[in-house]
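Both complexes shown next keep subunit A, but they swap its partner, so subunit B is in the first and subunit C is in the second.
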Partner chain A sequence: MSKTLTMLMMDPPYESSNTITALRIVEAALRKGNHVNVFAYEGAVSLTFKEQKKHANAVKGTTLEEEDHPLPKDLVASLVGLAKENNLRLTWTNCGLCVDERGVGNWIEGASRGSPADFIKAVTESDNALVIATT
Partner chain B sequence: MSKYLFIESRDPFDTTDTHQAFGLATALSKEGNDVTLYLVQNGVLAARAAANALKEVGPKVSVLADDYSIEERGIEANELAKSVRVSDVDSLVDLLCEKGTKAIWH
Partner chain C sequence: MPKILSIVDTAYRATLEEQDDTALWFTAACKTAGGNLTVLLTGNAVNYAVKYQNPRSLSFGKVEITHPEKPQDGLKRLIDKGVNVFMIRDDLEQRGIHPDSCIPGIENISRSHLSKFVSQYDLIWHW
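Now for the complex of A and B:
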């Protein structure tokens, strides 16, 4: 039977291993047939920012293709796709005020705007919740 | 009795907070609660026997170490403390999805 897990993330992209662990948990939860709610707070709202770009590395002399940076927005998009393929619910809610502060409102498909009230609602409707605060 | 899941992500040699978390987990287990300590990221550095970092964790606390984090840091299974079991993110999700489990990330 499907369970529902709600997670709150706070770390911005490229800052902390917390992000990868959180995404691993989301991926595993979906793969095991569960629904997931993610509330992105503070810097984590940039994870879904659509304008993230790969880049070459002039210091190492590597091209854009050779560098092949994994972009957080693509990782999130793959999770959105995984949920869709398996008829599971993945809600990705970005804190609206945090988005406005950072100017990252142009986001990928699958993300939406919300407030901490949405997080509280998701927690009350979930089997469990995990808050991953910034280090 | 309650179920507690402590997810420890920090290096025990980087912050004394980790020892506070270990102490809290142990105290809760002594009160009869079901306590699991899941080590992840730099938290797995505590899982090495040579680090002697889990000495304050009580015997009733189930200690798990994330396989991905161990592999990333080049820690071999035979280097782990006897009280540690290697686990994975799927098992972590199972623990998280148990209704009523109090999950605490540190």
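Now for the complex of A and C:
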């Protein structure tokens, strides 16, 4: 039987291994047939920002294609797709005030705007909750 | 409604530009939304309880940070909302902070009792 995990993420993209760890937890939960709610708080609201762009890496001598730089928005979109393919629920809620502060309101499909009230509601309706804060 | 313990360990995280502590702000918002939350200050965050903190406003060129957060006021707002606030006595002592220099309304617990204290809660959020 499916369970529901609610997670809060706080780190901005490309700053901490917390982000990849959190996304791996999301994927593992989905692959085991569970539903996941993510609340992106503070810098984590930039994870779904649509205007992220891949780049070449002159230091490594790689072209744009060779570098094939991973973009957090693509990782999130892929997880949203994985949930859909398996008839699971992955909600991705960006803290609205955090979005406004950073000007990152142009986000990928699958993300939405919310507040801590949405988080506490999701926590109440979930089997467990995890907060991964910046340090 | 699960009983939630919000442990705040990292202190002064963006308190100048946010004009609040993001973990305490989030806790207050969840309390307003009906959450059953308690706060435990550990590590450097015990300094939030000190009475006479007065961060001055800062200027960068012509732009001023006009309302830098006084963390003790953030704690007072939480207490006024009905959130119970605790702190680790050992962390106060290690930093030379006398309990008399802290705002009222916060209960001290010993680190040796931490596991028993934590076991009262359904969920632990660590900030």
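Criterion: the second predicted complex is superposed on the first by the 135 of 135 C-alpha atoms of A that agree within 3 Å, B and C clash if a C-alpha of one lies under 4 Å from a C-alpha of the other, contacts with A are read in each partner's own complex, and residues count from 1 in each chain.
By definition in this document, a residue touches a chain if its C-beta (ideal position, glycine included) is under 8 Å from a C-beta of that chain, and two chains touch if they have at least 3 such contacts.
Just so we're clear, the structure is a prediction, and the values are computed from it rather than from any experiment.
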| item | value |
| --- | --- |
| Which of subunit B and subunit C A:34 touches, first, second, both or neither | first |
| Subunit B versus subunit C as contact partner of A:123, first or second or both or neither | second |
| First (subunit B), second (subunit C), both or neither touched by A:107 | neither |
| Subunit B versus subunit C as contact partner of A:134, first or second or both or neither | second |
| Subunit B versus subunit C as contact partner of A:49, first or second or both or neither | neither |
| Subunit B versus subunit C as contact partner of A:25, first or second or both or neither | first |
| Common interface residues of subunit A - those touching subunit B in one complex and subunit C in the other | 128-129, 131, 133, 135 |
| Subunit B partner contacts - residues on subunit A that touch it in the complex | 3, 5, 17-18, 21, 24-25, 27-29, 31-32, 34, 127-133, 135 |
| Partner subunit C, residues of subunit A touching it in the complex | 8, 10, 41-42, 115-117, 119-121, 123-124, 128-129, 131, 133-135 |
| Subunit B to subunit A touching residues, read off their complex | 7, 9-10, 40-42, 68, 89-90, 92-94, 96-101, 103, 105 |
| Complex interface listing, subunit C residues touching subunit A | 1-2, 4, 10, 13-14, 22-23, 26, 29-30, 32-35, 123, 125-127 |
